Structures are given as structure tokens and as C-alpha cells.
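Heads up, there are several structures right after this.
Here come two complexes built around subunit A, the first alongside subunit B, the second alongside subunit C.
On to the complex of A and B.
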């Protein structure tokens, strides 16, 4: 039960890169991924910026070798999960007890939306074979099969904390000696469903988002996938290269306040961060970097900031929201940002919070705005807070 | 492990009448909006969020208020030990239609956040700080046998120690809510928990 869980591999795809190396380059060059909508077919083109993965479905099909009728959510998942597993290079993978815990919130909605255009016009039209993977669990199954994972798979869907919860759950499967290796994280593609939904909630910024800025006006939606490979101590000892770090703490707590808003005092986020620290046996002073949830909405950043103030005051570690690069990738964000947190430890880097200008009135701290390398980073906290008050914090620690 | 279970309270809001344990408390049969508001006022409740809710949440929330007032000893339970299992036939369609209508002008965020049926469970649980298992099923009509099976599973396996269960359904001016409080201990009003007794109370009007 008390044994450690190690991170042996990472993989990510988002608007700022199709693999981990491209992400690191974009961070260094301070190149954000937002722009005009080019791939998604929507009335909001030229009106709302989004952070699209810069590959069409056809290109993703060519890269992954998956069939053409697969949801973009599945295609993105396959790219990042495969990169993570390849990176981990686990000897004798097939002989171990392996699992795939993959999160998403949108499922195959992209294909279903296309289907309904034809189907509603004429109920004899529309190809059912294009919507067979509408359901959230379907993408997990397709990718698990491709990866050669057969012992255990499950799908977690808790809005924007989904993939942080997937990693949390994967760690528990290893700690309880149920599995040896788990690929965990999440994926989400842009769809009309999510863009229109967030637009209805009036929390989309018409400009590029400004997380933790006094004049922030909302989030930009993004898409992508991010996975880490978690291994047991026993498997870690068989690896050819050293693992990146440990997952030392995790906690999930709920605000129980509102369907889509955090409580003003950030009760859920406070409890999640505090619980993760307790689990890892660390104090706030031990944290060297916080990867914020930092969506850029007035409500999230105010609640998260208030919770950080309660927990960390008076000394604050460097912190930033990488959503200023990737947009908010919803069910994928916890996985993508877990990858960034792991890379922060491995390469000693702190990511800038782009476009930050004015500190928030209510907060005595501000996010880091410069790209910093050569940092001594031992412990990173990664926050992922979802609708329904579902708040998760993860802590990654150098070995 | 089979345990003894009792319906320790029930509340029905139907056809303009609010009744608890079979006794009429209040009546207003003009229309659903007037009934919900006047019931809230009659009970002298103070919960500003009530005004923001859609009719499904208002109906379920008020029924739970009446169900739990005077008698339910919440402090006898851990928050995790109280579950909620609700069913209806029309999902959140009442609010979905209003939301769809709002899209013609400016899509309404306040209507949008109620376009899921299980939000009513959230409203009841947030009010009472219940943190146990929750489920919402959509069925053609109230299925007492199905509900008994669900509740028995929760209580017999000690997943919960008490359960709020029943039916909360609204579509425009048609509505009906019947909630049962199921516990493992009896009180002066309690009847044995069974599909038969739920059916009897449900059909009493």
C-alpha cells in the first residue's frame, strides 16, 4: 500500500504541439496555440478564437492507422497515449498487468453532430457506422486495444477534472497491487456541443484568454490529449532509463455549490490542494511550482486564487496557467497539464503565464510571466477543477 | 444481509395539493408556477437559490423540504450515508424546451444549467449536505419494484443508511412528485418499506 508510483513516460498533443518535444519548443518560444477556427464547422468562425490541434482528421488517421470513421477524440487519444507508452519503453510490457484509464467529456460528439445534419433532413440518411463511438467509453476501448492493454480499462468523466482523476485512480490501482503499469490521462476534441455550451454560459473570451489577470474575460476552448505512464516500484527497477518523477500526492474534493461555478471562497479547490499536500507529506513551502487550473474565467481564477491565498499565504511559489498556450482542453486538461508538470521537474522549467498584465485586486500574488529554465524544482502541484465542483489536485515529486 | 427498512415519511405534490404522510398541508390548484411559489411562501422558507431553479428542481426541492421537515434526524447520519434515487418520465424536457426557446434570442445560461434531470438531486443534496450515492432514472411510469430493488441494494449492503427516493416529473402544466424517506428504524408514522406500500402511497393522490 505504501509503495511509490513512478512516472515512466509522457505523451501530449494540443494546439502547441503534436508531441512532447514540440510542446517544449512552443513554451520556450512563447507561441500560443489559439487562433481563428479553421477545422471545426461552426457559425462562430472568425468570432471566437479556439486552440485547435493543427492536424486534420485525415492527417490523424494517417498517423494513427485508425479507421476513417473514428471520432477525433479517439484519434487524439491514440497519438498521445502511444507517445507516452513508447517513451516509457517498458520491458516485457505484454507480460505485466496493464491498464488504460482514459478520461474524456465529449465522447464522439463530433461525429454525431455531423450525422444529425443528414439524419434530421431525411431519416433514411446518415451513416450509423460513423457514430458507433459516440459513447465516452468507446474511445478508451479502441485505444486500449491498439496499445495492447488487455487487463483493465475504464473511462472517467468528471468534466474538467476528468483526466486528473484518471491519473489519481491509476495510482491507486498500482498502490493496491492490482496493476503494474497504467497509461492514464485524457482526451477531448473540439465540438459544436462544447463551444455552444460554453458560449451559452457566457464564459468564452472573444480575445485570447488572460488567466489570473484583473481584466480576464473568460476562457478559450482547446483540444488535445495527454497521458502519463504510471508504474510500480518493481517495474521501475526494470526500466532502461530513469523515471521522470513520482506521483506523491492526490486529492479530490467537492464544492457542492453550483452546477457550473466554484464557490466564491474556493472551498473545493482549497480542500483538494490541502488534501494532496497531506497525502504527499509535504507542506505548502515545499511546492516549487503550481500549474494552475487558471481557465481565465472571472469565477474560476477568483475562487482558485482565494484558495491558494488561504493555503500558501504569505509565501507563494511560482505559478502559471498553461491554458494561456493550449486553451482549456476540458477532459484532457488534467492529463496534458500532468505532462507539463512532469516536464517542469525533469527540465527545471517554469512556464510563463502569457498575456498577464494586471494583478487581480483581491490577490497578493501574481503568476510568473517569463519562461524560466535551470530551476531547482522538486515538487509541482497541478490543479484541475471541474463543473459540479469536482476539484482535484495532483503533486509530482522529483526522485 | 437483509435488514428491516421503513418508509418513515412520504410527501406528495400533485394536482395542486401538497400532502405529507397522507395528510393535506396546503392547496393551490391555479397553475404550477403559482403552486410552487405559494408552497415556498407557505412554508416560510428562506433559500434565495429557489428562485433561480427550473420547475423540476423547484418541485423536487420543495417535496424534499416537506418530506424532511419535522422528524428527520439528519444528525443521526454521516453525510455519506444518505443516498438519493429519483425517477421520472420527462427528464429535464420542461426546461429543455424553455432553453431551446431562449436560443432564438440570447441563449439563457440560467436555463442551460438545468438542462439535465439529475440537477434536482444536486439541489436537494446541496441544501441538506447529503453526500451519499445518487442516481436518476428515466422510466415511462413509476416502477415501484425497480425502486425497491435499488433502495434495498443500497441499504442491505450498507452502502447507505437512509435513502430519499421516488418520482419527480414536470412537463409544462403536468406534474407529480412523490418522495419517500427510507430508514432502517421505525417511527410513529412509518410503514414497512416495500414496492406495494410505495405503490399504495404513489397512487393515493
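On to the complex of A and C.
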């Protein structure tokens, strides 16, 4: 139980890149991924910006070799999971106990939406192949099959903290000596369902989002997938290249305040960050960078900021919300941001929080606005909070 | 470390919730869909909230709360649920409105309650429980995944007890689509004769079952949860079962009763038929899906049943397929109460699960 869990590979796809290298370039160039809606057939085109992955489904099919007509959520998952596994280059992968723990929030909803248009007109209509993979577990199964993982797979769905919980769970599978290698993270494609859902909650910014700014007006939805490859100590010793870092701390706590809103004092966020620190044996002063949940909604940033103040006051590490680049990728965000956290340690970089202008009145700190390289980053905290009060914090540590 | 089932509460198409006796008042249905019998929700949920909540949220919250009452636990150390389709009623409602109202003037409630973690979240909210809270959504092993997490959590000693459950609702839309996908029988059948005529398809079901798992030894425990194994496309299920039993220092001869996931569909049941004639040849057999229907987390119903058999020592007539030794025991097999039960269920022959439960 005391053994460490190492990060041996990373993979990501989002509006700012189709692979890890493209993400690093976009961060350096401060190029955000938001723009007009081009993929969804919706009345919100030209009104609400979103952060789309810059590849069509046909292009994703060509890259992944997956069948046509499957959910974009699966296609995005395959790209990032495959990149992570290739990056890890684990010797004798097939002889090890391997697992795939993935997360998503609405399964194959993009295809279900097509099905439903015909189905509602006539319940005997609608192509069944469009609804067949509606379940969240289908995405995981299709990708696991393609990756050649069959010892263990499961899917977690805790709204926007889903993929942070998948990584957390994967680490425990290794610590409990159930598996040697786990690919873990999450995926979500943009859908009309989530776009309209968040729109009814009136938390979508009509401009590009401004996380942690006094005048923030909401989030921009994004899409993508992000995975890390976690390995046991024993597997780590067989790797040809050094692992990126360790996953040293994690905690899942519930705000238990409201189905969608965060408590004013950020109880759940506070408990998650505090619990992750305790697990890692670190103090707030040890954290060199916080990758914020930072959606850009008035409620989230206020609750998260208050919780950070309670825990870190009076000295604050640099922090930023990379959702100012990728938008909020929901079930994928914890996975994508875990990749960014790992890369921050590996390359000594801190990502700028774009479009930040005015500090929040209630907070004594502000996010980092410049791209910083050559930093000495030992420990990174990554926050992911979701509907249902689900709050998860992960801590990655340099070896 | 030994792990125990302290309590279990079950909302199902049978009289299983807050009911005197154990499967003693069986409900017969004719059709291909069994609907859960609704508890009196007023005991568990604020009446104002009852109106807003979907079927699965209400069933889940009621089962979770009753389970905690039975365990005499106010605040669980973790809340973990499994569901394949989640809050499908609210999902369908919101999706329908998007299309019918062309994305205009949509009320948010259905969307808010559509996320898969809503049941676990609502339980946490009602209890003001800040502990670990997770939801597994992996097809026919959603419940087993949740149970697996609960077992790990207790072994890690990160919680003294865990509230873990499986919830699934069937709505008209999912029933229609699953019927079109060929899951259910073409003709109405009596659930009580589900296994008699072999034909294609099964019957649909739904329910919510919660368990309070604990590492604390107590005479109040219902049963010991000895083992759990989830298998994906096993090469030989027979071999996998033998290996699993061996890992618990058991052989098939140590199993007093097998509860299998027969659902009346020829193709689905073929693997059980084969094993019943080979590995399980000399083992007593019981079924459960004629009582609760087929649904992705139905194995939670089987675990509830196993825990109650072990606690009460009673094997209800309605679940028996074959009692070994009945003829040679002067008909006194009724009193031979099983001490070790293995539950074997599979989901579309891809996902297989084994749950080993023993008397305390």
C-alpha cells in the first residue's frame, strides 16, 4: 500500500492541440482554442463561443482506425489514450496486468441526438446504430479493445470531476496490487445536450471566458480527451526513459450543499485540497503551482478562491485556469488538466491565465497571467469540481 | 481483513422494501417489463422534493436511507453507486425538449438532474455527507465496479463503512429502444414462467439496492462478502470460476448454492446451461431475474437475496431451480441452510462477475 505510483505517459487532444506537443506550442504562443460553433447544428451558432477540437469526425476516424459513425467522444478518447500509451512505451505491455479507467459525462449523446430526432417523430424510426453506444461504458470498451487492454476496465461519471476520479481510482488499483499499468483519464465531445443544458443554467459566457476575473461571466464549453499512464514501482524500473513524476496525493470530497451550485465557503473544494495534501504528506507551502478548476463562472471561482484562501493564506503559489485556453471540457477536464500538471513539472512551466484583467474583490491573490518557463516546480495541485458537489484534487510530484 | 454486509435495502418489482418476510409475497406480472414497486417516499424525502425527483433518484434515496437506518449508521464513510444509464428519465425529458422546442425556453431542472452522479449526490446532500462520493457507469458491471471500489476503500482503511448501491430505472423510451434492439421477448410472458419455454429475449426490469459494507465484526451483520471478481471476455469461464474459488482456498464442492443470472433468453442462458451440467453439476441452483427482470445492475438484487438467505437460513421456493440432496434427505432440505453462496452473472456474454458471500 505504501508504494508509489508513477506517471509514465501522457496524451491530450483539445481545442488547442491534437497532441501534447501542439498543446505546449499553443500555451507558449498564448493561443486560445475558442471560436464560433462549426460542428453542432444549433441555434446558438455565432452567439456562444465554444472550444472545438480542430478535426472532423472523418479525420478522427482516419487517425484512429476506429469504425465510422461512432461517437466523437470515443474518437477523441482513442487519440489521447493511444498517444499516452505510445509515449509510455512500456516494455512487455501484453504480459502485465493492465487496465483502462476512463470517464465521460454523457456517453454517446452526440449520436443519440441524431437518433432522437427521427425517434420522436416515430418511435419505430431512428437508426439503432446511433443509439447502440449511448451508454458511457461503451466509449471505454471500444477504446480498451483497440488498446489491447482486457484485465480491467471501468467508467466513472461524476460530472466535471469524472476524469480526476478516474486517475485517482487508477492509482489505487496499482497501490492495491490489482494492476501494474493503468491508462486513466477522460473524454467528452461537445453536444447539443450539454450546450443547451449549461445555457439553461445561464452560466455560459457570450465572450471568451475570464476565469478568476472580477468581471467573469461564465464558462465556454470545450471538448477533448486527456489521459495519463500510471505504473507501479516495479514497472517504472523497466522503463527506457524516466517517468514524468509521481501521483502523490488525491482526495475526493463532497460539498453536500446543492446539486449544481458550490457552497459560498467552498467546503468541498477545501476538503478535497486539504485531503490531497494530507495524503501526499505535503503542506500548502510545498505546492509550486495550482491548476485551478477555474471555470469562469461567478459561483465556481468564488467558492474555489475562498477555499484556496482558507487553505493557503497568506502565501499563495502561482495558479491559473487552463480553461482559458481549452474551455471547460467537462468529463475530460480532469484528465486534460492532469496532463498539463504533469507537463508543468517536466518542463518547468506555468501556464498563463488568459484574459485576466481585474482581481476579484473578495480574494487577496490573482492568477498568473504570463507564460513562465525555467521554473523549479516540484509539486502541482490540480482541482476538478463538478455537479453533485463532487470535488477532487490531485497532487503530482517530481521524483 | 474480513468485510461484511451490515444491512441491505432493496426497491424492486417484488415486495422487498420494508416488507415482513423474505420473498414470501411474490408478484406475478404478464408482459415483458417489470416495474419497481414504489415505496412510501414521504418517509424519506421532503414532499416538495418528491415532485421534482425522477423515479431513479427517489428509489435510490429511499433504498440508501433505509439501508442506513437498518445498519444504525448516520453517516457513511463513503457513498458509491453504480448505474449504466443513470438518470435516463431526466435525460430523455431534456433531449425531447431540445428537439421539440428547438432549443428555446428550456427549463433547467431536467438537465440538472440528468447527470449520472445525481443519486449519489442527492444522498450526500440529504445526509450532509462530505466523504468520498463516486459513481461507476460501466454497462453490466456498473454495480460490481462500485462494489470493487467499496472493498478497496475498506481495505485501505480510508473508511470504516461504505454505502454502496446499484440503481437503474426503466422508462418508456428506454424500454421501446431496448425492445427494438431485440433484448426482450416478442410475446408477453408471465415472469414466473420465464425459464419454462426457451425462446429469444428476456424481460426488462429496474430497481435500487443499497448495502452498508463494513469491516466491523458484529452479530448484526447479514453476511460476509468474501470475494468479488469481474471478468471481461474470459477465455474459459469455467476455468475462471475455478481459479477464483481457488484464490479463496475453495473448490466448487464448498459452494452450497449458486445464484445465476439466467434471464430466459436462449443465447444468454446457454453458458449457465452448460455450467449447470458440468462445473455446477452437484451444486444447488437458484435464479433471480424472474423476480426483478434483466437490467444492468440486477446483480445488486442477487447480492441482496444472497445476504438474506445467509442471514435467515431460508431459501425461498420461488428462487429454487435445483436443490441438491433434496430427495435423499427425506425432504428436509428446506432446513439445510446454505453457508456459502456464489453469485455468477454475465452481461451479454462480455462481462462476467462472481460474488462470493458467506454466513457469518
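Keep in mind that, in the parts below, the second predicted complex is superposed on the first by the 395 of 399 C-alpha atoms of A that agree within 3 Å, B and C clash if a C-alpha of one lies under 4 Å from a C-alpha of the other, contacts with A are read in each partner's own complex, and residues count from 1 in each chain.
We adopt the following convention: contacts are C-beta pairs under 8 Å (C-beta built on N, C-alpha and C of every residue); 3 or more make two chains touch, one makes a residue touch a chain.
Just so you know, these numbers come straight off a predicted model, no measurement behind them.
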| item | value |
| --- | --- |
| Joint occupancy of subunit A by subunit B and subunit C, clash or fit | clash |
| Contacts of A:229 with subunit B and subunit C, given as first, second, both or neither | neither |
| Touching partner for A:363 - first (subunit B), second (subunit C), both, neither | neither |
| Contacts of A:271 with subunit B and subunit C, given as first, second, both or neither | second |
| Partner chain in contact with A:136 - subunit B first, subunit C second, else both or neither | second |
| Partner chain in contact with A:159 - subunit B first, subunit C second, else both or neither | second |
| Which superposed partner A:169 touches (first subunit B, second subunit C, both, neither) | second |
| Subunit A residues touched by each partner, larger count belonging to subunit B or subunit C | C |
| Touched partner set for A:124, first subunit B, second subunit C, both or neither | second |
| Where subunit A meets both subunit C and subunit B, residue numbers | 196-197, 199-201, 254, 256-260, 388 |
| Parts of subunit C lying in touch with subunit A, wherever the complex brings them together | 79, 84-86, 91, 94-96, 98-100, 102-104, 106-108, 111-118, 120-122, 124-125, 127-139, 141-142, 145, 148-149, 152, 155-156, 173, 176-177, 180-181, 230, 232-233, 350 |
| Residues of subunit A defined as touching subunit B within the complex | 196-197, 199-202, 254, 256-260, 388 |
| Contacting residues of subunit B [partner subunit A, same complex] | 107-109, 112-114, 116, 119, 122, 125-126, 129, 131 |
| Subunit A residues within the subunit C interface of the complex | 1, 42-44, 105, 107, 112-113, 116-117, 119-120, 123-124, 128, 131-132, 134-138, 140-141, 150-159, 165, 169, 172-173, 175-176, 178, 192-193, 196-197, 199-201, 252-260, 267-268, 271, 386-390 |
